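As written, the chains take the letters A, B, C, D and E, and residue 1 is the first residue of each chain.
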Amino acid sequence: MTGEQIVFLVVALFTLGSGFMVVTTRNLVHAALWLVSTLFGVAVTYAVLDAAFLAVVQVVVYIGAIAILFIFAVMLTRKDVRDQGPQMNKNWWFGALLAVMTFGGLYFLLQGWSGLSKTAAAIPAGFDAVAELGNELVSPAAYVLPFEVASVLLVAALVGAVYVAFNPRSGK
Amino acid sequence: MTTETLIWLIPLPPVLAFFLIVLLTNKSKWLSHTVGVGAAFLSWLASMIVFFRAVSVEHLGEHPFESSINWLPTGNSWFEIGVLIDPVGAAVLFFVSITIFMIFLYSVGYHNFGQPAGDHDRAGLPPHGATVEEHGHKHVVPSVEPMYSRFFAFLGLFAFGMYVLVVSDNLLTMFVGWEIMGLCSYLLIGFWYGKESARNAAIKAFMTTRVGDVFMLLGIAFLYSATGTLTFREIFTEETLHMLAGHTTFFGMTVSGFIALLLFIGTIGKSAQWPLHVWLPDAMEGPTPVSAMIHAATMVSAGVYAVIRMFPLLTADMHGHGLTVTMSIVAFIGAFTALFAATIAVAQNDIKRVLAYSTISQLGYMIAAIGIGAYVAAAFHLITHAFFKALLFLGSGSVIHGMEHGVLHTGNHKVDPQDMYNMGGLRKKMPITFWTFLIGGFALSGFPLVTAGFWSKDEILADAFGHGHWAVFITLAVAAFLTAFYTMRQITLTFLGEPRTEEAKHAQETPWTMTTPLVVLSFFAVTYGWVGIPEHFPLLGGLVPNWFHDFVGHTLAEVPETPEFSWIPLLTSLVVALGGLTLGWLYYRNVKSVSEDKLQIPLLKNKYYFDEAYDFLFVKPAYWFAENVVYKLLDQRLIDGILHISGPTTGGIGKFVREKFDLPFINELVGDGSANVTYWFGGKLRAVQTGRVQQYLMLALVTFIVIGVALYFFVLS
Amino acid sequence: MSQWIYVGLFFIVGLIIPIGAIGAAWILAPKRPNPIKQTTYECGIETVGDSWVQFKAQYYIFALVFLVFDVETVFLFPWAVKLGQLGLFAVVEGIIFILILVAGLVYTWRKGMLEWA
Amino acid sequence: MSFWNDPLKVAADWLLGVFTGWGMPEMAANILIGFLGVLLLITVLMVLDIFLVWIERKVVARFQDRLGPNRVGPFGLIQPFADIIKLIIKEDTTPGGADKVVYNIAPMLSMMSVLILWAIVPLAPTILGVDLNIGALYLIAAGAIGTLSIIMAGWSSNNKFALIGAFRQVAVMVSFEVPMLTMLLIPTIFAGSMGMSTIIEKQDVWYVFLAPLAAVIFLIAAIAELGRAPFDMAEGESELVSGFNIEYSGMKFGMFYAGELLHAFTFGGFLAILFFGGYRFFGLEQVSPFLAIAVIVFKAFIGYWIIMWVKYTLLRIRIDHMLAFNWKFLTPLAFSLLMVVALMNALLANAPIWLYISGMFLSNVAVAWAALEIARSVSRREREKVEGPKQVVEVGH
Amino acid sequence: MVPLSWYLIFAAALFSLGLFGVLSRRNAVAILLGIELMLNAVNINLAAFWRYGNVMDMAGQVFAIIVFAVAAAEVSVGLALVISVYRRRNTVVADEIDMMKW
């Protein structure tokens, strides 16, 4: 077992453990904080995968913004669930069963796939993923449309969220 | 600028105007309509340049203007989209750009720009008029539309859709334009969303056309899977068509015939052909008559345009003059619609509804023409019809606008300004409207020699006769007779005689923004026919070269031959046109009010629900799944009405359809049966609808897993 | 990968130092808790209710707008890196991208959502 | 290659020899060396941090016409050590109802978020730290962890003041992060890379001369990010007592406090790197790595001093003004500047260097001038709406 | 070297965890947390396929970035909906939010 494998295993276990806490912990703020640690684990996974840009973006977007948004939302809807009462609905066992079945199904399907034991080729020297990304994002032959549409999507989300949550007409 | 670049630019100004108006200028009415009309003008200008360049090019059919760009990567090649102007496209672009520009201009006047805001107008309702004080006493004057800017925004989007449809070189972007127009027609019909009828009509129009569109999309998908391309010029090559015609698919039809049939169903929805015609009369709920005109003169033409575009596909498996299955269906639906809508139009009292049914009927003409292979004639009639029907709609709008003036003057809001029996004698009050309406009406009736309608209609009849399609020929001839009859009825009731109401006496001519389009369109309604006079026509033939046939005919790989000249169709069209007009005038010139009309006596009792009765009788076939119960009640009232409206012909057809088709088949078997089944299932499945997202998700997932496992074990292994 | 090992070392050492400092304090400092010491500090006034007060929705709005612009800049960084070699067309694309987002900001502004009140 | 030209490599080579001599695998040895290097750097930083306390107190005393610490040791130099001893032996109370785990993790994260920033700081041409090619985003990512630590501290204290303070602080931090991110894009555009060392290498002309406005906006956003005056509403003593760290005492409080000071110094360093040429100073960095380190530390101190100068000069701004200033002025300005710079960069791509520089400089000045003019006229209108002399209009006869 | 399968199984496990959260939590905010986990699992797959496929082809990373944007949009609108529902109906329990039935 090489060092990289050990790193991966540690990170994966840490991530999955945190993920398990996200879906089971009673306190929602804790759940959000566990989510942060899960996402940090995913960021480390990206780093292990040499996707440096994704790794930092993961931290910037998820931990810097999405987690904060979650915590704010929990605060704003706080009075309701508190920490008492069941946090799972009455069909939770069925949900768990389905989740396990999904994992089993995915695992089963992956087993039958030939490309599974592929190993990664070395990154070519002088390869700059960020510059390459910049190239792809604005080149008309590649992803310029998704690039622009992403901004439309973000604006739509902003406008929609502002309107839905805080439409002055609905009042308090 | 190259012509190709210019073609790319044609659709842009209206859509930019749409965004400009929606985002920036919607507070200012003046800015909004300036932007809108300016954009329409730019598109018109570009279209004219393109058109004249297209006309001056030799062999445009073989070497059309085309340019395309890569759009979507599909595996290792690209799906291309682009623009194409071939002779048909150029001819259609010509009338589309003119009518759209005229609509924009006309809307300024129609929505009372420059008038004060209404006393109690609200957004979503038609303006009710404003009180102004002048020289000490109060007047009621028309008030400006509250959602003036929004109207121009919608119009802009609509124009964008139409231009995209016309200039696109492939079915996909054409379908995009098609759907944009579908959306706009929904928005415009429901423009006065405060009125429930408008809301319902909007939904009806949207849903009905959707039925057709689903089939059209299926057709497009089928075509793509069969050929791997959606570009017209690639599909219509010898090899591709031969390949498509050589294979058979469902029901023993050839692939090309089946695809053409699916695409044609889309046209049935869009062009309001039987049995999906029901939305068009209701679409008259839109702001009269601007959007009505859009639906009637411009958008519905899109359906016909689509079929004309698909003509090579339609005829791919044709041998000699024998009609293929699909062509027979097309011809039947067209001819049937032409006759059937004409019979309805005879009994309408609402000035717009007459025109709506007339439009359905005339579109049936074109479809029938395509069905019998009269390609050029269909295109010709499409264009002449667009001109004179646009003229008629705008004219009727002008009439209504004038009548509303009278209504505001007397203050009696119970008088329906659209009912022709409230009019009469308007020729003196509204001379420009009268003369232009007369021209449009005569063109519609096919008044011999001078009007455009005559030449195009004659060409269809001649084609039907020349190729020996007797059934189509006779049906269309009867429809032409009825057309002339109801047109004259309309003109007589509206403009001739003496005013029948106080309101009609106080009607007023409309402003220049409304009359200018009328004059421009009436010019084309007359002259456009002269470009397509057959060469062998007695006396006139050969004076003007048959330019249209030559020009448009070259779109196809082989130019269709003109049928031998024969006196029979010519005499027929002369007789039906003149006969219908004379009869209509003789019949209605003495009618001072509804009560004096001997033939209309039953109408006295049933004055209002004739429209609905007809509506429900013929809506049923398309709507059997929706409104069972309601029309059962109305059915009881139908028979009397039908028998007395327009004589035994109409009544006979109605009775036949009702007794042999509707009642046993649709009502009992399909209607009630499906309703019962649906109800039963609804009752059983209600328990599943808990409204809880998580349970839905679980259910979906269980289904997914079950299907996945089943697929894995039964299909993959 | 290898450079990330050093970043990881920074994380580890960055945690070890404060843990060491706090740990030293934990070892050395006296611990004599009593209920009065453990009350929350509110300027000497008795605490009423718990710390869950009603929060302004504006906090959420600011986080929301931030999130959107945050993701936006993520798209813009690769663009900026490559900008020098891409020419005017790419610049215009980026500017369109920014303008669309600024439109969102303007909407929020016009809606009065950026006011603190 | 002597020790004086590349001390890091010489030391590393020597250590590698030592460790492998002990029978350690080479990879493990390398990691151990890295660990020691990081430990050394961070220890130096912590010591520096201790003196920052002294500097801060001395400087603020001078600003306020006082003497500052002057009893313990020469010039009061021993004072911070006394402070530390006090922090360590102070009783550490935890409020009842606090969420203990989160409460204890928060100060550590706060300190860590500052320390990890130094991973990407190039101290000299040969002492690059970790040369990540996504350096600029790393800066923001570390800031995200800092934000998180504040919200954790505020929430876990079970104290209204702390929670409100944390919320305000976070709202301010995330808000000002937008112009900051945007301004980070400008050096990125100039250098064609996000890596800090590349940005320094490319700064033959300091970017402050190319984009002075960007430097100013970055400075303002950085100050807000630090939560220092005039943007320290979150811990406004007069209403929130001390903000999110109200319940912390002893060394945990010390972590927040030291973290803040070091953070300010670090941002001084980043200001130097991004806009003032980093370790470069007229070729001085080529002479010796130690000189380069001296240069960058000196520049960082200048940045730090500016931040202090602002802090002790300006009054605290109300939170609504603060956020309005950001969203309605700074953010639109930052985006306009970004667009202008991107455009000018493309337009002047092939221009001679003097034209490029002057064009950039002038466009920056133009944007700044236009923004100020707009702000001035808008505020004049607003002021007139509230208090201005209303014109007396004669109402009709 | 870590084989590709490890990443895929890791992602599948994370996905299933998220799915469990989505299906079983009562609190709507917690459901959104679960969705975040699922989105991240997808992103791990995208990054892994990028690394183990042709590195020069950036499609994997571009998609991952777009997933970031989608996740941001999803969270902002999702939480806004939750807050909106909370303000009107004073509940964030998913089972009680069943207005869609009518």
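Here are a few things to note about the model shown:
Convention: a residue touches a chain if its C-beta (ideal position, glycine included) is under 8 Å from a C-beta of that chain, and two chains touch if they have at least 3 such contacts.
What you see is a predicted model, and the numbers here were worked out from it, not measured in a lab.
Common neighbours of chain A and chain B (chains touching each): E. Across the assembly, the mean Cα position most removed from that of chain B is the one of D.
Pairs B-E and C-E differ in how many C-beta pairs touch across them, and the larger number is found at B-E.
Chain centres here are Cα means. That of chain A falls 17 Å from that of chain C. Each chain gets one centre point, the mean of its Cα atoms, and the points for chain A and chain D are 28 Å apart.
Between the CA-based centres of chain C and chain D the separation comes to 14 Å, rounded to the whole angstrom. Chain geometry summary: the mean Cα position of chain B and that of chain C are 58 Å apart.
Among all residues of chain A, those that touch two or more other chains are 4, 48, 50, 52-53, 55, 57, 60-61, 64-66, 68-69, 72-73, 75-76, 79, 89, 91, 94-95, 98, 102, 128-131, 133, 137, 150, 154, 157-158, 161-162, 165-166. Among the residues of chain B, those touching two or more other chains are numbered 694, 698, 701. Residue positions of chain C touching 2 or more other chains: 4, 7, 52, 55, 57, 59-60, 63-68, 70-71, 74-75, 77, 80-83, 90, 94, 98. Under the touch rule stated earlier, the contacting chain pairs are A-B, A-C, A-D, A-E, B-E, C-D, C-E.
By the touch rule above, chain C contacts chain E in their complex via residues 57, 60, 64, 67-68, 70-71, 74-75. On the chain C side of its complex with chain A, the touching residues are 1, 4, 7-8, 52, 55, 57, 59-61, 63-68, 70-72, 74-75, 77-83, 86, 89-90, 93-94, 96-98, 100-101, 103-104, 107-108, 111-113. Against chain E, the residues of chain B that register as touching in their complex are 689-694, 697-698, 701.
Residues of chain A that touch chain B in their complex: 89, 91, 94-95, 98, 101-102, 105, 141.
Residues of chain D that touch chain A in their complex: 27, 99, 102, 132-134, 137-138, 140-141, 143-145, 147-148, 151-152, 155, 167, 170, 174, 177, 192-194.
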